[in-house]
Amino acid sequence: MNSTSPIHITHEPLDVGRVGELVQHPGAGAIATFVGTTRDHTGDRRVLRLEYEAYRPMADEQLQRVADEMLDQWDLTGVAIHHRLGRLEIGEASLVVAVSSAHRQAAFEACHFSIDRIKQIVPIWKKEFFVGGEVWVGSQEDFNPLGAHEVAAER
Amino acid sequence: MNSTSPIHITHEPLDVGRVGELVQHPGAGAIATFVGTTRDHTGDRRVLRLEYEAYRPMADEQLQRVADEMLDQWDLTGVAIHHRLGRLEIGEASLVVAVSSAHRQAAFEACHFSIDRIKQIVPIWKKEFFVGGEVWVGSQEDFNPLGAHEVAAER
Amino acid sequence: MLVTVVFLASYREIAGTATARIALAAGSTISELVAQVCAQFPGLPDSERIVAAVNNEYREPDYILDDGDEVALIPPVSGGS
Amino acid sequence: MLVTVVFLASYREIAGTATARIALAAGSTISELVAQVCAQFPGLPDSERIVAAVNNEYREPDYILDDGDEVALIPPVSGGS
């Protein structure tokens, strides 16, 4: 597994353009891309940096499961998901998802689904470092590893 | 207006990475990008190439209007929309939209909205060249220059 | 009064010209112009379906034209992808 | 029987260790293991709220454990952005 793999978890900086190239296809009419970046605030608190930690190889397997669910539910010509681990400075990309399809609706829906689904099932955690403190982020509401995933048609 | 402008219509090939860079912002947590590419088929017909034509400067003004509507409706940290004109070969990008925001939902919704809205109001036309024929594309159903735009909350 | 009609994309191919100068009675509306243009350039769609922009702004069919206006007839658009 | 419990992210910081070997009666379930772990490592959430993966697969609380299983206690995840 390296940066040319469609599913990739790495401590190296993510290459957004590269991830997009991985889903190019002559039958594609649309490429939807999502880049999650480290923002300088959460609510009112100023964020200094982040750290991401994964439970591997389960995180790799669950990320592949997200991609498989996307390919099952939509007619896609390509899916790539790269996730960064370790220490990230403000502005750096933690996640890049690229999805290609013949028609834009499928690419958009699948891309959006992937982000929500990653937050439901993929064992990766983010720690935010503030001035004077740090906190593990995680939402009991979103976390849904045992439930069925939502039906795509809702979007 | 050149490739560093957030709103840009050009005969030159589009630079996807560049458009994404135009929306980077320390307060951004998400960048949603859409790339429209020339696909090798429409329905069962094999497409050889495309041509895009614009009515300018109205197309530039309407593209700016799409961006303004996005910024009005969502809390965004950046919007860039680049549209290609002229002859495009299979696989080339005709449209790149990049949207950044603190939270992913806004970036996704605004990005998706922009594509639909471009197809409602921006005077740009696509001609598809097939083996043995050519056709101007355009949907009477989508075209909606005089109507109010849809409410964002539906998505 | 005289207005300049701009034919775009498929309409240009149907009309066989990119522009035409059309003479109209003062106070004419877009609807009246479009009906006249459709009679003069056969093959254009039903005149009620044609959307127009006057001086780069979309306008309703009952919009009253002025001398010298540039009236673009806008086929259904297909930008994006 | 013995299982290996893996503490991750916030749970690791609360437990003060990344792993623990826990002795259980044969036929014990995830629920029973988690209740025992919560008693042993104060500060973890309510045991009913803790989700577990056995040998890298999410499992329901009534899942019956085997000797040698690796049981990861998975805090609410926060990957992505």
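When the chains are written out, they are named A, B, C and D in that same order, and each has its own residue count from 1.
Quick note on the criterion: contacts are C-beta pairs under 8 Å (C-beta built on N, C-alpha and C of every residue); 3 or more make two chains touch, one makes a residue touch a chain.
In this text the structure is predicted, and so the values were computed from the model without any measurement.
Chains that touch both chain C and chain D are the following: A, B. Set against one another, A-D and A-C show the most C-beta pairs in contact at A-D.
Annotation: 25 Å between the Cα-based centres of chain B and chain C.
Mean C-alpha positions place chain A and chain C at a centre distance of 48 Å.
In chain A, the residues that reach two or more other chains under the touch definition are 29-30, 35-38, 104, 115. Shared interface positions of chain D, i.e. residues touching 2 or more other chains, are given as 80-81. Under the stated contact rule, the graph of chain-to-chain touches falls outside the line, ring, star and complete shapes. Annotation, chain-chain contacts: A-B, A-C, A-D, B-C, B-D (touch as defined at the top). On the chain A side of its complex with chain B, the touching residues are 16-17, 20, 24, 26-41, 90-91, 100, 102, 104, 107-108, 111-112, 115, 155. For chain C in complex with chain A, the residues that touch the partner chain are 80-81.
On the chain B side of its complex with chain D, the touching residues are 29-30, 104.
Residues of chain B that touch chain C in their complex: 35-38, 52-55, 57-59, 61, 83, 94-95, 115, 118-127, 136-140, 142-143, 145-146. Against chain B, the residues of chain C that register as touching in their complex are 6, 8-10, 13, 49, 51, 53, 56-58, 60, 72, 74-81.
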